[in-house]
Amino acid sequence: MFSVSDKAIAVAELREHMSAPAAGGFCVFEGWVRNENEGRSVERLEYEVYEPLAIKEGENVLAEAKQRFPYLQARCVHRAGILEIGDCAVWVGVAAAHREEAFKACRYIIDEIKTRLPIWKKEHYVDGDSGWVDCERCAAHGGGR
Amino acid sequence: MFSVSDKAIAVAELREHMSAPAAGGFCVFEGWVRNENEGRSVERLEYEVYEPLAIKEGENVLAEAKQRFPYLQARCVHRAGILEIGDCAVWVGVAAAHREEAFKACRYIIDEIKTRLPIWKKEHYVDGDSGWVDCERCAAHGGGR
Amino acid sequence: MKIITVKYFAMFREHAGIGEEVLSLDAVTAQDVFEQTRLRHGSAEPISHCKVAINDAMAEWNSTVSDGDTVLLFPPVAGG
Amino acid sequence: MKIITVKYFAMFREHAGIGEEVLSLDAVTAQDVFEQTRLRHGSAEPISHCKVAINDAMAEWNSTVSDGDTVLLFPPVAGG
């Protein structure tokens, strides 16, 4: 299940939903807002999400991950709105029979989420400036990280 | 920091200790007791830990992971004693600047913990039988999974 | 001429100064819409880094647009 | 002959029926201790799957044991 939240992600509650008696491995990835990007001091972030399509594509990503790395349970929640340093911007959790699938599905989901979903990140810098962050894939060509 | 616990692992509390303003990625792996192993129904598990050496080797593993995949914070807690289905047997958490190091360090730590530390797992089956689980590395030669 | 509703997101919206507008365009494909509104979304981003959706379904740049369609122009994404 | 304290863990302890014993052994290396107590720890596990520690420090099978040492015999591990 993929969802978008404009409130703090309820991490502990999400974990409760992941249990499955046949699950031997549970892998979580959380993206946190950090205080620096490309050498500039970041004060806060702003996420713009186009929900109708973000949810469709998010569900596609979860289904693809399941086909490649069969898992028992998976969820992903992405934040929208204003976030402060240390806030959780995205949470991905995968429970699987063994750790191999749990790790690989979790990694697949976050990698695809970051490049395919209509979600944009605006950085507000300590110096008062702000800017939209380039896509990760473009990073290879000298853009953002 | 590596530690051994004979009580339920306080997952939410551990997460609180992982925050770091420069951390952009946080990866967690949890090993859960599952209801089945090699086709046999498992009722509960028992972990025997030789603590003095488990802690020494656990700290070694965390230090090696940091050298290979520089991270900001890492912790691992392993259970000792009797565990029921669904209980968390081991928790590994790694916070790093980017997700690449967080995932890789987390994976390295759990892989090494499972094969190097003096920790043994006894399965108690639903049929009343019980047995020590063979090491993972021996699995390749026809032993446990 | 076709009546097309164009939606701009993130930096495209800021550059256009508007989130959505209804335009009468001589456009066959989604790429035509992108190019004919380029001044408004005012970005140097190559089209290959951007994405497009038509009526809330992801589309290709060579997808055909019809009279009454809503075309969504997405600048490069960087979620997570 | 050396006085060696031998500690057994997990399946080795269960097979020996005891967790620890003090033995007088004609042993030069840790491997000698493993072999001379094999009946007690009664496992078919090849030595290559097992591990040994001397006085709470991980050791090699060819490490020398001294009079008064404590030798820890570890069956294959399967943590996590």
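Every chain is named by a letter (A, B, C and D) in the order it is written, and numbering of its residues begins at 1.
In this text, a contact is a pair of C-beta atoms (placed from the backbone, for glycine too) under 8 Å apart; a residue touches a chain by one contact, two chains touch by 3 or more.
Keep in mind the model is a prediction, meaning the values are calculated, not measured.
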| item | value |
| --- | --- |
| Each chain counted as touching chain B and chain C at once | A |
| Separation of chain A from chain D, taking each centre as the mean of its C-alpha atoms, in whole Å | 49 |
| Centroid distance [mean C-alpha coordinates] between chain C and chain A, Å | 25 |
| Chain C and chain D, separation of their C-alpha mean positions in angstrom | 72 |
| Two or more partner chains touched - positions in chain B | 31, 110 |
| Junction residues of chain C, two or more chains touched | none |
| Touching chain combinations (by label order) | A-B, A-C, B-D |
| Residues on chain C engaged by chain A in the complex (per definition of touch) | 9-11, 49, 51, 53, 56-58, 72, 74-80 |
| Chain B partner contacts - residues on chain A that touch it in the complex | 11-12, 15, 19, 21-36, 85-86, 95, 97-99, 102-103, 106-107, 110, 145 |
| Chain D-touching residues of chain B, taken from the complex the two chains share | 31, 47-50, 52-53, 56-57, 78, 89-90, 110, 113-122, 132-138, 143-144 |
